[in-house]
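Before anything else, here is the set of structures, which you'll find just below.
Same chain, two partners: chain A is paired with chain B first, then with chain C.
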Partner chain A sequence: MSEIFINGIGAVTPQHTHDNARFLEHIEIYDHNNLRCVNPNFKEFIPPMELRRMSRIIRMGIASARISMKEAGVEMPDAIITGTGMGCVEDTEKFLISMIDNKELLLTPTSFIRSTHNTVGAQIALKLKCHNYNFTYVHRGFSFENVLQDAIMLIREGDAGNVLAGGIDETSDNHYSISGRLGFWKDKPVRNLDLLKERSNGTIAGEGSVFAMLSNVKGEKDYGRLTDIDTFISPESHLYTKQRIENFLGQSNLNPGDIDLVILGYSGDIRYDEVFDTIRNSLFSGIPAAYFKHLCGEYYTSSSFAFWLAAQILEKQFIPAVVKLDDLNPNGINNVLIYNHFMEHHHTLMLLSK
Partner chain B sequence: MEELIERLKGEIIEVLNLEDVEPEEIDADAPLFGEGLGLDSIDALELIVLLEKNYGIKIEDPKDGKKIFFSVRSMAEYITEHKGK
Partner chain C sequence: MPERIYITGLGLISAIGMDVEENFASLEKQYSGIGEIQYLETIHKGEIPVAEVKATDEELFDRVGINPVKGYTRTALLSINAAREAVEMSGSELSNDKRTGIISATTVGGMVKSENHYLDFLNNDNSNIYIGTHDCGDATEKVASYFGFKGFMTTISTACSSSLNSIMLGARMIRNGKLDRVLVGGADALSRFTINGFNTLMILDRDGCKPFDENRNGLTLGEGAAFIVLESGTSSIKNNRKILGEVKGWANANDAYHQTASSPEGEGAYMAMSKALKMSGMDVTDIDYINAHGTGTINNDLSEGKAIEKLFGIKMPKVSSTKPYTGHTLGAAGVIEAVFSILAIKNRVVFPNMNFKQPMKELSFSPVKEFLEEQKVHKVLTNSFGFGGNNSTIIVSDVS
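Right, the complex of A and B next:
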């Protein structure tokens, strides 16, 4: 069975992640609950005349895709797979607002054309003139994991050698306001680094784009391997989740004690974080643990940030203090488990190994 | 006419999101499509909407588009000729 090597990775997120030479050296601090990306100079990735028609999410996607491709030394992937929970929200809103304002007349085409969920994957393919497999998964908190699952199958079945796989979502003022009415976000502004100190309902919103070049051959960069993935919906109990994680690790012939770092999706929402405490205490007591949503916020594909974090940790063999949940230090980092859930509905497991 | 040309340049920059272009850099007589600003068919649709939205002018015959949108000056001349009709 083919191994799935991570040969390149690119990330545009609310932190300074687009330069892979630096790893969370400078932390961006927010004192509001709607985190936006720190943008690279997009003109380095996209010609100005093309840039003018692209909304933020398309720019973020193309930039992070190109970073990962350049790092992996791949000019033409065999497949491009993207995952997004909300797609191009800003352009969708722009188009709908324009429809209302103009009484369904005088609609401009650009925002409509760019408002579909598969726009990012399509734009990457257009820029590369890539006619290969191109698919976009839109499945709320499973969107990014579905991308990885598809990439694993393509590579293991021999249908692709290099797969460009990414998770991407953008936030907007309207989206933040509407989802806030559903109780997603905290009522009062919270300093992002104090996310877990606030014992209240809700979390902070975020966005980001992470693309990885997955391959059946090991490249120059050693971000490790994507070993396995699992998804499950609304588990009936914490015990079920515990057993699911044990079974998941068992499929790779691992026990919880073999894990060198567990990255947990704590969001600071007291309604939903309890399961992470339970899993940490019952399965991973004495094992270093980390969290990430204080750096990127919560969004449907936020686990892509955790994926980026795990890959960087495996490559650099270093856990930045800002993500640590304890003072434990592993001797070496060979197996990293990511356990995340979105609003306690979509639960996901990812195993990355050296 | 010159005032209208300057106004049009600003509106074109805004609706087409020409981030790096200043109004004085646009030659009023240069072709908008192909060469010059290098606009394309999607831009043409945006300009049609601009004429209707900002000046109340609806282009009835699509064949006229090539002549009307040849340059900023040709647009201004068309607006002057048809505004209020």
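Right, the complex of A and C next:
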């Protein structure tokens, strides 16, 4: 069975992640609860004329996709797969609001045609003139993991040697206040680096775009291998989750003790974080643990930030202090497990290995 | 031997019927579901024809035995109606055994509610329940919870090819040994968002769509849902399923020409069709019928027609678009037309391309004009194309 190598990665997120030469050296600090991406110089990736007409999600997507492809030395991927929970929020809002305000009269099509969930994947294909397989997954907190699962299948089917795979979501002021009505976000502004100190309901909102070039051949860059993916919905107990994780590792002939770093999806929401404590204390006690949502915020594809983090850690063999949950230091980092959930509903596991 | 992908259940709700049988009867009688807007509130009532499912939300609740409660969008209700029929027909259970899955597809998800409550979302707490039903995953999870299902699930959104892609993913997951059975399909409810969106593109035919006609003038929007139960050959036989057909080939390609328009020569369409054909191990002469995407827009029918012509040449099978019956149901179109393709095989018929009068001057072939019975229909190719150049093809056959 073909192995899946991560040969390039590109990330536009609320941190300075778009330059792969640096690794969380400077941390962006936020004192409000709606984190936005740090913009790279988009003109490096997109002609200025086109840039002006593009919504943020398309810019973020194209830039991060370009970064990952350049790093992997791929000009034409065999497949483009994207995942997004909310899709093109800005364009959807724009068309919806003008339709409501103008009572269905005098509308223009631009925002409508760019509101479909596959816009980012389609725009990348259009830029590259890439005629290959192009899919978009839109299942809430599973979206990014579904992308990776499909990429693994495509490569193992022999249908693709390399796959451009990305997870992407954009926030907006309206999206933030609307989803806030569901109790997603903290009532009071919290400093992002204090996310876990604030013992209260809700988390902080975020966004981001992470693309990876996955391949059946090892490239120059060594971000490790994507070994396996699992998704499960609303588990009935922490015990179920614990067994699910053990079984997942077992599939790759690993025990919890073989994991060198576990990255957990702590969001600072006291209603939902308990399962991470349980898993950490039961399966991974004595094993270094890290978290990430204080850096990128919460969104349906936030686990793509964790994927970026794991790949960087495997390549650089270094765990930045800002993500550490303890003072433990592994001797060599070979296996990284990511366990995330979105509002305790969508649970996902990703295993990356050296 | 790669695992065979059998079809063991079908479920369908559209403007021409509340279940598979009613849909077939309407196709046979050449009854179109297109008419004046009755259910949706919009200023375009009386001006733009559409193909609505002829039922209120309350009636859709009633049909599946759910007490009408808030928190269900029409997209979710259509989904549950079609999914229930498919699962019942197959006799399978959606058990939580890690070998069963649900894959759905949609373009605008719960927009039909969000567009009515958006100002509430912004200004007050009156309609919070519909905030959580806006996204594409909601209807899929409503189907799952209707069956008490907690296994593998996902949702695909690739514009108008969405649900053909859900069939493709389901088939691949079986072939890869990840699942034994999977409920695949998709749904879209009509919304002001989509009606106005397509209206701004000026591609809505004011008289109802006329696919492949020289005087075609755009598409007609519809709504609906369909689901198919796919099951591995091994599992179908072990469970003694009634096998309705088989998925033999599939492919997805990108036109990479324009965000909304298709390339004049239908490059992406040609690639999707030829790749699916190659995968199925068939020759062009093996295909008995093509259920075309055939939206009725000037652009699509030319592009698709050219691609069909290039691939099939003088060995042209029978071709028709069934969109004059159901309208263009966006994310549901692919799976609805896949069900029609299976019905064509099962009943040995070919459906006529209603509203067709005059051949397109650019094309050498014309679509089927009459309801044809006693036909040799063993293998059917069906297309679905979407915004972003997303082109998909599926080939279904009887079981030889």
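One rule holds for everything that comes next: the second predicted complex is superposed on the first by the 354 of 354 C-alpha atoms of A that agree within 3 Å, B and C clash if a C-alpha of one lies under 4 Å from a C-alpha of the other, contacts with A are read in each partner's own complex, and residues count from 1 in each chain.
Throughout what follows, a residue touches a chain if its C-beta (ideal position, glycine included) is under 8 Å from a C-beta of that chain, and two chains touch if they have at least 3 such contacts.
Remember, it's a predicted structure, so these values are computed and weren't measured experimentally.
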{"item": "Partner chain in contact with A:96 - chain B first, chain C second, else both or neither", "value": "second"}
{"item": "Chain B versus chain C as contact partner of A:134, first or second or both or neither", "value": "second"}
{"item": "Touching partner for A:178 - first (chain B), second (chain C), both, neither", "value": "second"}
{"item": "Which of chain B and chain C A:85 touches, first, second, both or neither", "value": "second"}
{"item": "First, second, both or neither for A:233, with chain B first and chain C second", "value": "second"}
{"item": "Chain B versus chain C, judged by how many residues of chain A each one touches", "value": "C"}
{"item": "Touched partner set for A:157, first chain B, second chain C, both or neither", "value": "second"}
{"item": "First, second, both or neither for A:49, with chain B first and chain C second", "value": "first"}
{"item": "Touched partner set for A:209, first chain B, second chain C, both or neither", "value": "neither"}
{"item": "Partner chain in contact with A:64 - chain B first, chain C second, else both or neither", "value": "neither"}
{"item": "Chain B and chain C footprints on chain A, overlapping residues", "value": "107-109, 113"}
{"item": "Contact set on chain A toward chain C in their complex", "value": "80, 85-87, 95-97, 99-100, 103-105, 107-109, 112-119, 121-123, 125-126, 128-140, 142, 146, 150, 153, 156-157, 174, 177-179, 181-182, 231-234, 300"}
{"item": "List of chain B residues in touch with chain A within their complex", "value": "15-20, 38, 42, 45-46, 49, 52-53"}
{"item": "Chain C to chain A touching residues, read off their complex", "value": "42-44, 106-107, 109, 114-115, 118-119, 121-122, 125, 128, 131-132, 135-137, 140-141, 144, 150, 152-159, 165, 169, 172-173, 175-176, 178, 192-193, 196-197, 199-201, 252-260, 267-268, 271, 386-390"}
{"item": "Partner chain B, residues of chain A touching it in the complex", "value": "48-49, 51-53, 102, 106-110, 113"}
